[in-house]
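Chain lettering (A, B, C, D and E) follows the sequence in which the chains are written, and residue indices restart at 1 in each chain.
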Amino acid sequence: MAIIKEAIKQLLSRPVTLKYPFERVAPPEGFRGRPVWDMRRCIGCGLCSKICPSGAIEIIGKGKEAKIKYYVDRCMFCGQCAESCPRNAIAMTSEFELANYSREKMLYEYEREF
Amino acid sequence: MKASRDLIAYNDLKRLIIDPGFCNLCGACEAACPIHALRVEKNKLEYVHDCSEYVEFCPICYDVCPFSEALLLETLSFVTDAPKRRESIGYYRKIVLAQAVDSKLRELSHSGGVVTALLIHAIKKGFVDSAIVSESEEEVPIKVKPAISLVPDDLLSAVDYKYFPSSVAKAFGKAVHEYGKAKIAFVGTPCHVRAIRKLEAWEHKIVESLKIVIGLICLWSFSFPKLTEFLKRKYNVKAGEIQRIDLNKEYKILTKNGKVVSVSLPEVEAHILDICKMCEDFTSELADISVGGAHPLKDWSIVIIRTEIGERLFESAVKANVIRVKNIEERAEVFTHFVEMGLIKKNAAIQEIERRRKKGRAIPPAFARLLELVPSEISLLSSLTAEQVMTRKVMTVKPQTTVEELLTIMTKHHHMGYPVVNEKGKLIGIVTFEDIAKVPTEKRKKTLIKEIAHKKLVTAYPEDSAMEIYEKMNKHKIGRILIVDKKDPQKILGIITKTDIIHTLRWPMKTK
Amino acid sequence: MLQETLTLLFQLLIFPGAAFLILLAFISEWVDRKVVARIQSRFGPLYTGPSGVLQPIADFLKLLSKEDITPDGVEKPIFTISPIIYFSLSLTALFLIPILSETALVNFEGDLIFLIFISTLITITVFLAGYSSASSFSIIGSIRSALQMLGYEIPLSLAFIGPALAAGTLSLSGIVKWQISHGIWTVFLQPLGFGVILICFLAELEFVPFDIPEAETEIVAGWRTEFSGRKLALLKLGRDLELLLASALTTSLYLGGAQPVSFVPPALTFLIKIFFVVFLFSLFRALFARFRIDQMISGMWKHLIPLAILQILLIILNVGR
Amino acid sequence: MGYGSIVKVPFGPQHPALKEPENFTFEIDGDIIVNVKPRIGYNHRGIEKAMEARTYIQNIYLAERICGICSDAHTTCYCQAIEELLNVEVPSRAKYIRTVIAELERIHSHSLWVGIAAHEIGFDTLFMHLWRDRETVMDILEFVSGNRVHYAMNTIGGVRRDITDEMIPKINSGLNFLEKKIKHYINTISNEPTILKRTVNVGVLKPKDAVELCAVGPTLRASGVKNDVRKDDPYAAYDEVPFNVITNDGCDVFARIIVRCEEMLESIRIIRYALEHMPSGMTRVRVPLVVPPGESVSRVEAPRGELIHYAKSNGTSKPERYKVRSPTLANIPALCKMLMGQHVADIPIVLAGIDPCFACMDRVAIIDLKTGEKKVFNFEVFRRHIQKCYRKH
Amino acid sequence: MLSEDEILEKMKNFLGNAILEANVPRTRRIFIKIKSETLKEVVSFLSNELGVKHLSTITGLDLGEEIELIYHFAYKGSIEISLRLTIPKKAPKITSIVDLIPGATLYEREVHDLLGVIFEGHPDLSRLVLPEEWPKGLYPLRKENSVEELRKITQKSKGES
């Protein structure tokens, strides 16, 4: 009865559950979390917005005046935007705790500083 | 300048580069296009699908084209940290003669074998993980195709003279996108180097994987279909049979079965690509290291080291006893030949551009841009005085110096023009490399400088604006102007070359 | 007189009566949950109180505050009253268990029969509660519960009788006293009976492998599907009390009950023992897959009843007396 | 048993044994099932129609989201179909990486399933232990691809990420651990009497029925029919990797568990082989975003069985028609057959026996969430609505 | 096990004029266009002579004037034989093959739901995938209904109920 042996072993050892908000596992390298825009690099080509499968990215204006609106609640973290961006203006961060009570707070806006 | 740019750069690319036939199929646009809408296939740049469906505004393919006017000055920034700059050589740290220690490599490459030796060394050391080179196609040896070499042995198949355009920039894109390489050595002709530097200046993400750029010294490339057709028609040599084309002074076509066909220069010249006829860049001025054959020395290459990274690689290769070096001063004739070729290319380019302009034919925007300044640059130059721009330390020669002696000096210091100053320190003329080149080799020992120096000088004063000096240069079609004291027109204060002007134009970028 | 009444009231309501028993029930639930969780390498209750010991109370309070929904089509009187009956039956039975000393708060000759009667009543309440809910899941659950009773009732009664036969009394307190005076626990005399009673209580408690009446993946929550709010709170509490009852009964019948060991008070030994029994229940619950109802009943009749009878026979033959 | 009167018992759309909403109406005579009527479609999201309105690149991720468990199988199938249309040969390194990911996914899917099966028969401890150890494979997948569930590894023309040499030791150590654990579970399952009681001779599907009802995958293989797309119609690197097709003649739920457990071991072997023999070179080729007209049929052995995609393009950047048939749909007729004559208590385990994935099955209805506009029940309205249902007036 | 060409040849020999067009785009894939009225004949040939019992799925396509049905059969699990036929969109009727291939039940119901094809002889063509309140006569996979229109229609019908 292998299960009894296993059960006794588990009873005496530490549970595998992590007490989540207090104990965390760092996401591995290359994890696809929330994408962030580096507006100094962005050329406003609008490719990310057009290629996004879930319509999470909106681009307002063209070229140098462009402004990015990113709706994290629609995003499915496929990373296609970062892959398509010709200038590495988009980076996938390891940020994954993105839940929020209001939809407005799920909107990230990126504007140019100058 | 032209009217405002199109939002979709491909329209400009087509209008200004492809339609006039300037595309040399380097493939930089294919590598850079984020939506894979461009493809170099079978000697043609193919527009696979309408990119405006995916992007609203995209300058990429035009910006990175080596023949577009965009980002030209920015590309210079990769080499400007070099201490020296010379007309027709560019920015550099040092020039040496070098050869691969391994004689097999030298044999394979019909020259010093430096590029191959350097790459093999770099890959072995883990400095790079792959190299983009051109290699011969199996069926048609003279036709080259880009190759991504991963192990040193692969590189051996890729060493040879290249006289045809190859899509190495495209291969670079492939290496990054498809092979997932992160440390790449890039080898290419001046236009390829410019394309890759433009990608870098544009901050395209694929250049994050670029480690080192090795430029080849290049006279011209031939149009592959045109030349092979000509050879077939005239000499009945099929493209597949040609083993090698040897264009060092005697023009020979070597075939697979040992036949040698001699051709004349004008014959082959007719098949040089249009774009090459207008290209001024002989030494790959934007590369980290430029390498070329050291004619008439067989088995040696001339190496121009421009940047720190290039220097590091080269030194380590020398230290590892992969490459043997020789001081270039030891062989003045090599340098003379080298500079002569450079000047031939440059002058031919200027003439060709002039000719085309007169005929009202299109000129690649990049070359047009080098001849015209934009308003902001004009105002910058107008606001500067010659004193601010000029080089103060001027090397002078005495009138009694022989031509040969001067050549030695030139080989040492690489300046192309020297003011001639008499014992009293009075300026009496100027002598340039062009003047020397006119003197036949056998007479060089006896001829004195004063015999060949220009006595009629174009000079300027320190108070003049840089813009005036630039206009003066263009008016007289000269590359350097001496700055003299207003009170004593025979006293040299400094010198301004075209390189200095271009260097000055980059000032605003530096401060930014 | 007044003082006596007050003492009795205190004993009945607070200690060792209702309040204490309810607290104990909550703690047994906590022990059960914690043990099962640890076997499954989880933490179990964690944050409410030290190691989550207050979690069952918190759950209870939360359920009390929840909206109480009475669905259409239920038999309202039964539906309303059955949780109360369920809860009070278990509580009542617990008064018969000797906790503080060898004599229970309420004890009389023949209380063992009364306990058997109550345990049957509990099942009948369950059946009624489910049947009154008018939900197909509840009905199936209650039918299964009744069917299951057919399986475990007889061996359970036989296992009750074993210690009684040995001690020669039908009073629970008497059985405990007999064990203490003889200085031996019945479990060592009648190990078969102990096994039978454990298995039967697992079935009575609807623990895996006998959680057939409330098999989550088959019939949602079984007979309790339609209960919510206060009613569900009472049902949950009733179940905790049932767990306590089962372990207390096992302890009293087979493990010597509230037994003074040198200076350790009998109440403490009793508590240790019942938590040990709860631990045993939890261990079994974690180690098996669920039986099907037909497998359960036939198994009970084919294997458990013969075993229980064998135990009685052995006692009659003076083995384990 | 049998009482002569037939009772209809609805099973779903909301039911604890169904992890996804789907409805089965059982006609029960006493405790025995005499008829089953499946009613699927509760998970319709209109993916086939939505795919016609999206570009090929976007559709990779839409295809990935047809199913959460076999996300890689769907993208592999999708990418293969489009690659065939584009006439692109995928580099062999990419094929090997696809194989590795597909097998990792199979391990993750099968161990998930065995856990669910244990849960269905009330064996929560086994379920918890299995899912705990399943984390190992999830971690490997996350480590390799950047996400635990939607790996997004496949792209048209290859894979998006490389498996570098530095990753291999970590993958191997995870595999060694898994191999040990899976063997332990096989031992536990085949020796635990309560599990045997609940699974042996339950949900019997005879080989003849299985073939006739077009069952696929482990369901078919557990009926002793040797059928595996990986072997019969090799894709990715399966023609180069040696492996056995696991079959079992038990024809019951127990056989299905054993087949899946042994497939996990086989998968580990495949991954080891593939990692060892992975060719160097390209991981993807660049492809244009517009697909020439044509049609193609692509098949993949998903963890649940044969997955078939049909693509038709019309020369634009969006497909003309895209059809997906997931393995669960193919197994539903067989499932109905299996359920006949079973006890009510066996419904969950028999149902779980085909490893149903209803989200996959139902992809085709219509309300799509593209713009984020959708009708949402206001919570208050919803609550009142519920109360109304419960409380008469 | 027969090769692709052998299968084709065999089918052409036996079924002759039923086959309108056939091609093998790559290994293990056969596309055969047949006359719609000969469907049953072809399927019974496949299942009896070639032993093809496995129907992978049925794909329905809207070609504008016509509806195309593609029956994907798997020969020995390996060669995917796709039978295609067209039926007029105005009267989309075809005989059911459920009696020959019992596994086709759900596929036929699915096509019936989404494209409105009537399979004559099918025992139960009730709704399979669409909701009960879905408007009658509205077939989502037909080309005349775009996603936006369908959304409008379904929301309207929801509002009314």
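Throughout what follows, a contact is a pair of C-beta atoms (placed from the backbone, for glycine too) under 8 Å apart; a residue touches a chain by one contact, two chains touch by 3 or more.
Just so it is clear, the structure is predicted and the values come from calculations on it, not from any experiment.
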Steps needed, at minimum, to go from chain B to chain C via contacts: 2
Steps in the shortest chain-to-chain touch route ending at chain D and beginning at chain C: 1
Most heavily contacting chain pair (counted by C-beta pairs in contact): D-E
Chain centre separation in whole Å, for chain C relative to chain A (CA means): 51
Length of the line joining the C-alpha centres of chain A and chain E, rounded to whole Å: 42
Chain B-chain E separation of Cα centroids, rounded to whole Å: 64
Centroid distance [mean C-alpha coordinates] between chain B and chain A, Å: 45
Residues of chain B whose C-beta touches two or more other chains: 35, 53-54
Set of chain A residues in contact with two or more other chains: 3, 7, 10, 16, 51
For chain E, residues that touch 2 or more chains besides their own: none
Chain-to-chain touches, reported pairwise for every pair that qualifies: A-B, A-C, A-D, B-D, C-D, D-E
List of chain A residues in touch with chain B within their complex: 41, 43-47, 50-51, 59, 62-63, 66, 84-88
Touching residues (chain side chain E, partner chain D) in the complex: 25-26, 28-29, 31, 53-57, 59, 61-62, 70, 72, 74, 76-80, 82, 101-107, 110, 114, 127-131, 140-141, 146-147, 150-151, 154-155, 158
Interface residues, chain D side, partner chain C - complex: 1, 7, 9-10, 15-17, 31, 118-126, 128-129, 132, 192, 194-195, 197-198, 343-348, 387, 390-392
Chain D partner contacts - residues on chain C that touch it in the complex: 36, 39-42, 69-72, 136, 140, 208-209, 211-212, 215-218, 220, 286-295
Residue numbers on chain D that touch chain E, as the complex places them: 39-41, 44, 46, 48-50, 52-53, 84, 211-215, 227-229, 232-233, 295-297, 299, 306, 308, 310, 312, 320-321, 323, 325, 329-330, 332-334, 362, 364-368, 370, 375
